[in-house]
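Below are two complexes that have chain A in common, paired first with chain B and then with chain C.
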Partner chain A sequence: MKNPVKINHLYKSYPRRGAWFGSKQQAKTVLHNVTLHVGEREIVGLVGESGCGKTTLAKVLLGLESYQAGSVKINGLELKELSKAGFKKLRRQVQVVFQNPYSSLDPRQTVRQILCEPWDIHGLYKNKEERAQKLRSLVRCVGLDSAHLDRWPHEFSGGQRQRIAIARALALAPKLLVADEPVSALDVSVQAQILNLLKDISRTRALGMLFVSHDFAVARFLCDRIAVMYQGQILEIAPTEQLLHNPQHPYTEALLSAVPVPDPLLQKSREPVSLKSELIHAGGPCPYAPRCRYYAASQCNREVPAASGGEGHFCACARLPFKKEKSRYAV
Partner chain B sequence: MNACEDTVLQVEDLRVCFSNEQGKTEVLRGLSYCLQKGKVLAVVGESGCGKTVHALSLLKLLPPGGEITGGRILYRGRDVLSMPQESLRKLRGAGMSMIFQDPMTSLNPIRTIGKQIMETIEAHSTVSKRRAQARMLRLLKKVGIENPRQRINEYPFQFSGGQRQRIMIAMALCLRPTVLIADEPTTALDVTIQAQILKLIKNLQGQNGMSAVFITHNLAIVADIADEVLVLYGGYCVEQAEVKSLFAQPLHPYTQGLLGSLVSLKRKDERLPAIEGYPPAPGTPEEGCPFAPRCPHAWEKCRAELPSLFEKDGRKVRCWLVEENEKPREN
Partner chain C sequence: MNNRIFKRILQNKASLAGFVLVALFALVALLAPLLAPAHNPHNPYQLPQSSYNVTPQPPSAEHIFGTTEQQYDLYYGVVWGTRLAFKIGITVTFFAFLIGLFLGSAAAYFGGMIDEVIMRFTDVVFAVPSLVLAMVIAAMLGPDIQNMMIALTAVAWPSYARLVRGDVLSVKRRDFVTASRALGARGPRLLLKHILPNSIYPSIVVASLDIGYIVLTAASLSFLGLGAQPGTADWGQLIAMARNWVLGSGTNTFAYWYTVVVPGGVIFLFVLGWNLLGDGFRDILDPRQG
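Moving on to the complex of A and B:
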């Protein structure tokens, strides 16, 4: 199968709470017409600001959130239609690493218990020797030591905990890993170790990955393709280098310009694009229109193009023709 | 220490201890620096290196159990540590103000944000209520809070994490302090907002001659805003230099590792040269250089004896390697 993950025209909304005496209020749309495919062994980055819906999309993919319309298919199976048993089977193929390793590991389980639990649930070993052997190789693969197995999570530093969380996710040999900001809670020097580890395992284990991040630099290191999300919509998708060298959407440009670079001479000469206003939910077809510096009423009220899920460069902007020349905010 | 005329803040050999049932642990082991008017000093380090403790001790705000055991803090020549409560109260906010790291717990949940900011202004200055309010609204607008006139009547829970952080920033800036102490002020914020905040701080620095102690782990922000950088590791200052020379030629192996392990937006890395191992837990009793266990160049002397802060071309570095290289060769 070429694309194990196919998300097509996905819509999700939450009912607004606190409606006054049952008077109808509009539901809050958090995912709007999202189409995203993840290929086999492909790492797709999902980049956006907080509250743009990237974690919600990751949760939908894990079956932790429902959706109203559209389809989410993993290996051809529509998530909505799966039975409980079907879901359990699917869990072996899709695993997750969460952002904060301080809260994602059970403090009352030893590392051994944490790592063996998935195998126990799915009955994936014949005898204790086999389990012990699997455990040894798993622990080695994430750079931990067998001596660590009988310790508790609180005895480890953040970086080591994230290694444990990654080991737990890899225990079932999944085909897809959903990584929700796995390095943003870590120290800089440790972040590099974990990023290297994620890159290595994605290669050696033929993993596909949906990598959720707010950091373009991290996404560039790891991802084959990057999708830029804004208010529940994907505004631009392209192969990583193409996106950074030739950003098309005004929002991508603005985001890129705001990322500081660790070079004092270069950084002091950069001027971030100032966004017009804060997030205001727009009624129009383009969610970015109220903040866009190229906004023109005549053109921006047209329907914006929607992504097709193909491999190429997609940009959800109704106004701008595809630019050939390099943006001054390109990397 | 040679204090020049424009020095607004001078710290000499600052030492901080935390005590619990197990005994005392020294978390800050002798920190010295001078902050000039209109300059920004960045204090960089990983979690547990003592950077937050240092910020809190500047205003004598250490939590119970923490104690300043040595050194001096001079604000415009006045000793902060021996100040009576009343002058200390006046100093906090107006002279030196602080942006705390955690926006969730630093605002009073049962008072509107307008009241909280007004309280700060009225406690310290004699401006009329109208002018105070105008100043508050202007600042809230500048930190990117839309519709400030309505929103000042709202409570902290009605704001998002990022907005609360920005309210904290507005509150810290509303008295136009001489020295701003910012403890990871933009960590919870999106890059676009972060860029706005950094710009605002830079403007205040230029217009009012505000100085700042900027505590962060993000080296890209350091490159953007700092004039001078102080690198902390394990409670020690391991390197201190002017920002351009530090990035151009880091002397300490830890600084080198830190800069090397950064993911960059500007280049595509195949692998990141990560620093092996993990940062030491605070107060780890150790002989020799705190970085020796992770240092690729460490030899016996590094493990046995703590290097002194060695001065070279106006920069300071705590490393035997640098010191030995500088020594005149004995024949």
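Moving on to the complex of A and C:
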């Protein structure tokens, strides 16, 4: 199958509860017409500011949140239509690595218990020897040692903990790994190790990955494609280098201009794009319009183009085609 | 880790004193048949009565703590009363803890209507002063030690339910629970393997503080005639029997001091011991103290 994960026209909103006895009020939309495909062995980055819906999208993929409209297909199976048993089977296809390895491991379980839990839940071994063997190879593949198995999470450093969390996610041999900012809580020196590990795993285990991040440098290193998200919508998707060197959407451009470059002279010569106003969604077709420096009423009230999940460069800006010189904001 | 807790209890003078007191009482309770051989083998909690003389007698070689009203031996009452106190304190705390744990975790885990119903019911029990409520229940069930224990359990569980609910609410949102859910774990497994092991410690501290308080309340009920019956080796009952002698005789206020001081002092030391020990646990398990 070419694309194990296909998200098409996904909508999700949270009901707003009123103060009085949970009276229903207007819903808050958190995902708006999201279309995104992830191929086998492909690492897709999802970049955006806090609260833009990145983590909600990840939770929908994990089956931890429902959705109102659209479709989420994993290996051709629609998430919403699955039976309980089918859903449990599907859990094995999608796994997650969280941002903070200090809260993602149960402090009252040993590493052995943590890593065996996935197999216990799904009954994936016949006897203790088989389990021990599986455990050994799992531990080796994330660069840990069998001697670590009987220790507690608090005895490990952040990087090692993240390796344990990755091992747990890999135990069920998933097709998609959702990595929710897996390195942003780690020291820079450790980040590279974990990123290399993730890259290796994706290649050797035929694993697709949705890599949620807000760090373009990290995303550039790891991702084949990057999607930029803003207020629940995907504004731009492109192959990594294309997106960084030739951002089409004004929001992407603004985001890239905010990334400092490690060259003082160059950094001084750059002009950061400042956003015009506070975070307000006017309710028009483009969520970024109120803050956009290219805003033009005549053009921006048109419907924005809708994404196609596939390859190529997609940009949700109504003002396209929109040519400008090569960007100076490359990471 | 348990070793570490134990070490720190012994390092702190107050909690060490608490530990020693509780250990001494536990020893007395365990060795009760040796310290005061039961005169009635079918019911060792029946106080021996040397005569029917009403006036208490001061400590003597035969009765080292003296005798109380109607010649009940105070020493015997203290020794077997210790065993009864542990029995009441631990049983009531255990069941109150269990009920609170079950209701609190169910409320927090399922949320919504279940949470509302359980917690509003908890609030109702909380709203009535616990001693008054325990008196009402004990009076309705009839004066008897077992009924008194039921009454005490009925008023002690709400604090555990509230405590457990709060802790489960905070733990169930943590990443390792979400990760387990993403692996396919369902309700019972999440609750038993991940949520409860990470949320019951504060309740255990409260339970250790509660044992002393429960025994104190039990003594109050016995004093009021709603618990142990006259002639039972129960601390509250011993104090109840001293009621007529508290003021002493006409000229000497302290003529019958031992009838009050002996059982009162024992209750005091018992509650003090558990409180010091519980405080020690709390200090040690409080994450802010590292």
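Methods note: the second predicted complex is superposed on the first by the 315 of 331 C-alpha atoms of A that agree within 3 Å, B and C clash if a C-alpha of one lies under 4 Å from a C-alpha of the other, contacts with A are read in each partner's own complex, and residues count from 1 in each chain.
To be clear about the criterion, contacts are C-beta pairs under 8 Å (C-beta built on N, C-alpha and C of every residue); 3 or more make two chains touch, one makes a residue touch a chain.
Predicted model, so just to flag it, every value in this text is computed and none were measured.
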Checklist entry - If chain A is used to align the two complexes, do chain B and chain C fit next to each other or clash? => result fit
Checklist entry - Which holds for A:88: it touches chain B only (first), chain C only (second), both, or neither? => result second
Checklist entry - Once the shared chain is lined up, is A:103 touching chain B (first), chain C (second), both, or neither of them? => result second
Next on the checklist: Output check: A:306 vs chain B and chain C. Expected answer is one of first, second, both, neither. What do you get?
Outcome noted: neither
Checklist entry - Is A:318 touching the first partner chain B, the second partner chain C, both, or neither of them? => result neither
Next on the checklist: To the nearest 10 degrees, give me the chain B-chain A-chain C angle using C-alpha centres.
Outcome noted: 70
Checklist entry - Where does A:218 make contact in the superposed view: on chain B (first), on chain C (second), on both, or on neither? => result first
Next on the checklist: For the three-chain arrangement built by superposition, which of chain B and chain C touches the greater number of chain A residues?
Outcome noted: B
Next on the checklist: In the superposition on the shared chain, how near does any CA atom of chain B get to one of chain C? Answer in angstrom.
Outcome noted: 9
Item to check | Common ground on chain A, meaning residues reached by chain C in one complex and by chain B in the other | outcome: none
Item to check | Parts of chain A lying in touch with chain C, wherever the complex brings them together | outcome: 62-64, 88, 91-92, 94-96, 98, 100, 103-109, 117-118, 121-122, 165, 168, 172
Checklist outcome for this item: The answer for chain B against chain A in the complex is residues 46-47, 144-146, 160-162, 190-192, 194-196, 198-199, 217-224, 226, 243-244, 247, 257-259, 261-266, 268-269, 271-276, 278-279, 281
Item to check | In the complex, chain C residues that touch chain A | outcome: 174-176, 178-185, 189, 193-194, 197-198
Checklist entry - For the complex, which residues does chain A have touching chain B? => result 49-51, 157-160, 187-193, 195-196, 199, 214-218, 220-221, 240-241, 244, 254-268, 272, 274-275, 277-278, 280, 331
